[in-house]
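Both complexes shown next keep chain A, but they swap its partner, so chain B is in the first and chain C is in the second.
== the complex of A and B ==
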């Protein structure tokens, strides 16, 4: 493992065994076949692919929210799959996730403040209520929410505000690595840009490493240093963003790239003009 | 319709000075204000706006789908081929829905009943709205499915919605919307739930329908990429008003309202990827969030988020002004454009 690698995924696999009945053998579904990549410290690594390609499953397996069937996940020299539940729990402080649907990622019956405070109450060393309150207020400010959002309920927030709160909750334990599972897919165009800019600022401020799972390819091009393309549970191509866009090797990658709609027509046409493909 | 008006070259859909007010627990809310737009036969028009801009209220007003318990009042006019929709009554309105104007919703699953085979659902509309017999309807449904680019229409006809992928489901819904040969399809973000590759296929399908059947399409979207791909005309909505409209090329390459300019600048620029010397420019963002329609100030609704706002914008409610006249009119709702606010 190289010096600057933060997380390395080797031969990750997830097989669901389907329903078994008396007369038919169980039908196995392979969600993720064979996924390997490594993410360097401080970079934004993109994971793209069509729906059903296994992007989200990979993201969740890294957090061990879904238990992998096979393969290894090495985080900072530690094999995550060999950790006991207790050890994993303490490591969760360093690895956090921001979900796509901020509407269902929050408990509708608790205030935003209480939910951002929750990780601190569970994992934090300093359990002084005053301290926790201060930390939450500070984090609200960091993500650009006013202090009065502390006492609001999730339904009172717009989609963009809720996603900011989701980021605040993910950051409150000062993690090193964030899995961003389509964090802006459900947001309006103008709000999307706000959240991406916020994530870029936060990355600089807290030296974060991101795994960005997305199907908005234009944002991936903008946001990520390196990209892995997933198709049917396998990584078919990994390269730097610039190489991937200028020199896509796999047919599937080319297809994905040509589907980006730009103002001058789809990227396939733009490519043709630049005579790349 | 009388002979006289049939001979006139009337617009397919004409919305004039439409304002829609709805009742909410907090009081009456004006969700649409002074909306004007026309769609000619066979035209593809797009409406762009963020959530809360009134796009869906526009559809609900045109198809008169707002429940009486919610609706406070309409004002203005909506005409379909010269017939005033507010005057014709519910029975005739039923005929217009589906036969003249049909709807493709954002989420195909909401338009399909999970407990019936999709074929039956397409046939049912035809039996209800047209004089076709069961066999004719079935044949037409199979034909439509085939025209939607479905390889195996017979199998799809016999499938339940949950057995189909998102793209296939959307194709079925589009086939369904064509069942009674409408003159206009309103498509409410038909591709935003789909994969980019499938999105492209569905957009191309709409274009094919438009060319083959001459069906006009009103495409509701928030993506200027989609607009650039298929629409001839576009209207940009913000907080219940149209703030800019015109030919697609004019609006995209010469955006005049600060909001349109901002929306277009929010699309990530990919130059840095292709041109190694270009460098990454920071992503443009519009500060803040759309206003609450409940307490609007008297001035421009975009004032708080505008990057060029002046004092006058806070006090003057801008009117939609023509910046480029004649057939391909381009108009903008901004006090700072084209002199005073006469």
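== the complex of A and C ==
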């Protein structure tokens, strides 16, 4: 393992045993077949794949929200799978996640402020309520939300605002590594850009390492240093973003690249075609 | 917390049906607690100077007397006691047990979930009323046994409601977020998931309380409930059936109407409670009010 590697995933595998009934043998479903990659400190590593390729499962396994069937996850020299529950709990401060669907990522019955404060109340060293309140307000400001969002309920926020709050919650314990599980897939284009820019700013400010999970390549070029392409539970290509875009090796990667929607080309042509139709 | 309570109360009071239901239940609660002061006669003794089957409107007996000459109004007032006790207490006890069973089954699923839910299915195999009759018959008549029977009968239904909601909630990402912070299972189950499951259970419980009044009255009607001479609506209706076709229908009808009103009131507060407890519904109701106010101003 190299000096600057933060997290290394080796031969990760997840097999679901499937439904078992009295008369049919259980059908095994392999969600993740064989995934290996390593992420360096301070970089943004993209994990790209179609839906069903197992990318979300990989993200969840790194956080041990899903137990892997096989393989190892080395974080900062420690094997995550060998840690006891207690050790894992203390390590959870350093590894956090931002979810895709900000609508269900917050408990609808608790205020945004209370939910951002929750991890601090549970695991923070300073338990002074005044201090916790200040920390939450500071974090709201960092992600670009006004202080009065503290007392709001999740449904009173827009998707973009909720995603900002989700980032605030993930950052409240000052993690080092963040799994971004399609954080902008559910947002519209202008908000997408704002959130990505916020993430880039935060990375500099807090020296974060990102695992960016996405189903297409349109933001990867802008956001990621290196990319792994996942297909049917296997990594088919890992390279730097520049190499991937200039010289894709695998058929699947080429397909993903060609699916990016851009405004290049003659717009007039496009309109002509449309008018014919 | 206090502002939350205020908001909830406000939302509840803005619902007229629910408020009416709540007032009726409050009123019957007062009747039940102060029955011995409010009732004009002793409910179990024939008053001096009264005869059998006096029609409603007779002087001194507004609702008339039954076939033994006892004052029906007093008996209805005292009957509120058993009706409220047998409606509310079994539902509360059943709700507490169901919350624990349903949340555990829905959160862990797998073996524990199957064990709990399949056991519930055994109870589901019997019609509720039949099961209640069977249990009450085995335990013998009496108020306590009726309560025990009703608790057992209601648990499977309520557990199912809690289970389905928990199943849905535990797949949401806020649960995963809590897990990602290393928050323990018990806290996730009872502090994160439970508040989201509770409203539908409360709504269901109030409806069930209404149904339970009817079932308990039914048990009394066939002689398995409260024993005479204690005043009980189901028993009163049952006693009246002997003279029902002889022009004295009021002996049966008056306690029947009392059962109807009380059970209907419980059903009415159900909806109001749901709106009051859900922050999303609450703000929706507020929005609706704003719009209607605006439109009414517009028209004016």
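Note that in this section the second predicted complex is superposed on the first by the 263 of 277 C-alpha atoms of A that agree within 3 Å, B and C clash if a C-alpha of one lies under 4 Å from a C-alpha of the other, contacts with A are read in each partner's own complex, and residues count from 1 in each chain.
Going forward, contacts are C-beta pairs under 8 Å (C-beta built on N, C-alpha and C of every residue); 3 or more make two chains touch, one makes a residue touch a chain.
Note that the structure is predicted; figures quoted are calculated from it, not measured.
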First (chain B), second (chain C), both or neither touched by A:119: second
Which superposed partner A:109 touches (first chain B, second chain C, both, neither): second
Contacts of A:241 with chain B and chain C, given as first, second, both or neither: first
Which superposed partner A:63 touches (first chain B, second chain C, both, neither): second
Touched partner set for A:101, first chain B, second chain C, both or neither: second
More chain A residues in contact - chain B or chain C: B
Touched partner set for A:88, first chain B, second chain C, both or neither: second
Partner chain in contact with A:155 - chain B first, chain C second, else both or neither: second
Footprint overlap on chain A, comparing chain B with chain C: none
In the complex with chain A, residue positions of chain C that touch it: 172-174, 176-183, 192, 195-196, 279-280, 283
Sites on chain A touched by chain B in the complex: 50-51, 158-161, 188-194, 196-197, 200, 215-219, 221-222, 241-242, 245-246, 255-256, 258-267, 274, 276
Footprint of chain C on chain A - complex, ascending: 60, 63, 65, 88-90, 92, 95-97, 99-101, 104-110, 115, 118-119, 122-123, 153, 155-156, 169, 173
Residues of chain B that touch chain A when the two form their complex: 50-51, 166, 195-200, 222-226, 228-229, 252-253, 262-264, 266-270, 273-274, 276, 280, 282-287, 289
